[in-house]
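Order as written gives the chain letters A, B, C and D; numbering starts at 1 within each chain.
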Amino acid sequence: MSAIDLAPEWLTTEWFNTPSPLSLEALRGRVVMLTAFQMLCPGCVSDGLPQAQRVTATFKSSDLAVIGLHSVFEHHEAMGPNALRAFLHEYKIRFPVGVDRPDGTGLPHTMRTYGFQGTPTTLLFDRAGQLRRHVFGHIPDLQLGAELMALIGEQPLAQTELTSDVNGVCAPEGCR
Amino acid sequence: MSAIDLAPEWLTTEWFNTPSPLSLEALRGRVVMLTAFQMLCPGCVSDGLPQAQRVTATFKSSDLAVIGLHSVFEHHEAMGPNALRAFLHEYKIRFPVGVDRPDGTGLPHTMRTYGFQGTPTTLLFDRAGQLRRHVFGHIPDLQLGAELMALIGEQPLAQTELTSDVNGVCAPEGCR
Amino acid sequence: MSAIDLAPEWLTTEWFNTPSPLSLEALRGRVVMLTAFQMLCPGCVSDGLPQAQRVTATFKSSDLAVIGLHSVFEHHEAMGPNALRAFLHEYKIRFPVGVDRPDGTGLPHTMRTYGFQGTPTTLLFDRAGQLRRHVFGHIPDLQLGAELMALIGEQPLAQTELTSDVNGVCAPEGCR
Amino acid sequence: MSAIDLAPEWLTTEWFNTPSPLSLEALRGRVVMLTAFQMLCPGCVSDGLPQAQRVTATFKSSDLAVIGLHSVFEHHEAMGPNALRAFLHEYKIRFPVGVDRPDGTGLPHTMRTYGFQGTPTTLLFDRAGQLRRHVFGHIPDLQLGAELMALIGEQPLAQTELTSDVNGVCAPEGCR
C-alpha cells in the first residue's frame, strides 16, 4: 500500500533494560517514542532523558513504548557499553535502551539513516510504524503530551485492516 | 439524550479580555479548559496561570477555549475588579477571564456549585459541554497535554448526533 | 565625621510585620538590605521577595536587617494597604515592610529620592548607614551572599571610632 | 603555632585544565574551594559542578581558587581519564580538575583521608590552608557566597605571621 511509508528499522549492537532486542516491527500496534541521546550530552541529561522518563510514567505501556537509542558520534572511547551501563544505573533509566550500530563512519547507522542533526533527537512513530515526528532538541511537555495522545487515539493498524481490508490484497510480507 | 449530563453554567459578574460575556453553552463544540484562580494565590501565580498561558499558546483556539475564572473566597477587599484588571495587565494574561459571582456566602457561586476545594482548580469540559475532569492543584504538563488532546480528538457533538440520532427527539432548543 | 555620607532616610506611611516604624538610623550598627517591590510586579514576586526571604533565613538578625519597601508607582488603586496586608499574608512574608510615602507625584518619596529605576530594587546599607549598593533587577544569590558578608565583616561604626579617635570626646553613652 | 592545624594534601594521578599539578600548599594565601565529584553522579552534574562554575565566575581568582577533584569510588571502568576529559569538554568545565589517587582500596586516597560521605562534597580551606568547612551534598548559593566571603575577608597567613611571629620557632618543615 503506497500510502504507508514504513520507517526504516533501527540497527543496534546491544540492548539494556530489556530481556531481548527490540525492533520497530515488533512494536507495531503501539505508538513508539524514540529518544536518541549520548550519555555525555548535557542537553540529553538535563532535558531529553528526564522527559522520556516522565513519558514512561504518564502513558500506559500498552499504548506507548518509550525507547532510548544511544547514538554516539563523538568521544566514542568514553561512551562504550560499560560506561553506558553505569550511566543508566546512576540515572535510574529503566526504559529499554539500544546502542546505535557503529557504521565505520563517524556516525552510527540509525543516526545516519534518519539524518539526526545531533542529540537529543525525538522520533515519534504511529501504531502502523510510520515516522510521524522528528525533532532535534527540546519539545515542551504540553505539546509532546498532545502529540503522543493524538497518535495513541488513531486506529491501530490491525483494526484499520479489519475494517478496510475486506477485499484487500495480500502479499508475502502481509496483507494491505 | 439522557447519557449527556450537561455541566452547570458558570455565573459571573464581569469579564476581561473578551468583548462580551462567555458561557459554557456558547462554547459548545470546542473543548473548554477553565482555570479557577485568585490573583493573590501563590500557587495560581506560579503554576496554574502560567500553565493556562502555555495551553493557550499550544492549542488552536478552534479546538480549545481557555477560560480564567476569578473565584475569590478570601481577602475580597483586595481582589476586586480594579485590582484584577491591574493584575491581568502586569502578568500579561490575554485569555478571557470572568469574575465568579459572589453569592452572599463567603464562596462565590461557581466555586460552590462545582465544589472547588480551593485555587487553582482546573476543569476540563468536552465538546458536548460535559465536565470530564476536575483537579485541585497541579497537573503535570505532559498529562494535561494528553488529556486535552484526547478530548479534542472526540467527535464533536454535532457529528455524534448525525451518527447516533437517526431516531432522536427534537425539542425547540435542538435535537437530542 | 565628614567621610561618612549618610544615606537619606526612607519615608513611609505604614508598616507591617513590626510593632513600630523602623528607620535607617535606628538600625545603625547592623547591615540593612532593603528590597523595594510592588505586590503586582511579577519579577518581585518570582525573584526579589523570595530572595529577601532566603536572606532572612540565612543571616543572623543581629548582623543584618531585611526590610521590604512597598514603592507603588502604578495601579495605585490596586495596591493599597489592605491589598498589601492580604498579599503579605498569602505569600508568608514575615520581615518588616514599610509603605513608601506617596508624594503627590506619581512616584513615592523614597523611590524618587533614591532614583529607583523600577521594582524590584535592592539597596544595601553598611553598619554605618551608608548606601553601598543599588541594584535594579536581579542579583545572583552567590554574589548577594558574598556582598552581604563583606558588609557584615566590616568594623561596626562604634569600634572604628574607638580605634581612630584617640582624642575623641566621651559622653555618658560612650566615647565618640 | 599549634593553633594552626594544616589540612592534609590531596593526592592525585593526573590534572586537567592546568599546565601543572596543583597542591594545597602552593595555593596557600588564597581561599580554596574543592568540589569532589564523579562524572556519573547525577547530583554532581545537576548541582555541585554548576555551582562551582558560578563560584569561579563570581570571585576573583586572586582571592579564591576553585578546584575539582574526581573522586571515583564506583564504576571505575566507566570514569577513567579519557572519559573524564570528554566529560569536562562537553560540560564546559574550565577550572582545574585533579584525579583523586586510587589507593588499592575501593575509595581513592583523598576521599578516604578526608572521610567524604559521597559526592558531591565541598571543602573550604582558608588562606592559611586549614580546612574550615566540609559539606556532603547541597549548600545554597546564598550561604556559600557568605562563607566564601568570610574566609576571603580573613587576614592572609603571611600578614598574620608578620604580626605575631616576631619571635617564632622554626622547624625543618617551616616556621611557625
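Things worth noting here:
Keep this in mind: a contact is a pair of C-beta atoms (placed from the backbone, for glycine too) under 8 Å apart; a residue touches a chain by one contact, two chains touch by 3 or more.
Remember, predicted model here, so these are calculated numbers, not experimental data.
Steps from chain B to chain C, taking the shortest chain of touch contacts, total 1. Superposition on CA atoms relates chain B and chain D by a rotation of 180 degrees, given as a multiple of 5.
Residue numbering at the chain C/chain D interface overlaps substantially, since over half of the positions present are found in both copies. Separating the CA-averaged centres of chain A and chain C is a span of 55 Å. Averaged C-alpha coordinates put the centre of chain C at 36 Å from the centre of chain D.
Chain A and chain D have Cα centroids separated by 42 Å.
Residue positions of chain B with contacts to 2 or more other chains are absent. Taken as a contact graph, the chains are arranged in a single closed ring, with each chain touching exactly two others.
According to the touch criterion at the top of this document, the contacting chain pairs are A-B, A-D, B-C, C-D. Listing the residues of chain D that touch chain C in their complex gives 51, 54-55, 58-59, 140-150, 152-153.
Chain contact summary for the complex, chain C toward chain B: residues 40-42, 45-46, 74-75, 77-79, 82-83, 85-87, 89-91.
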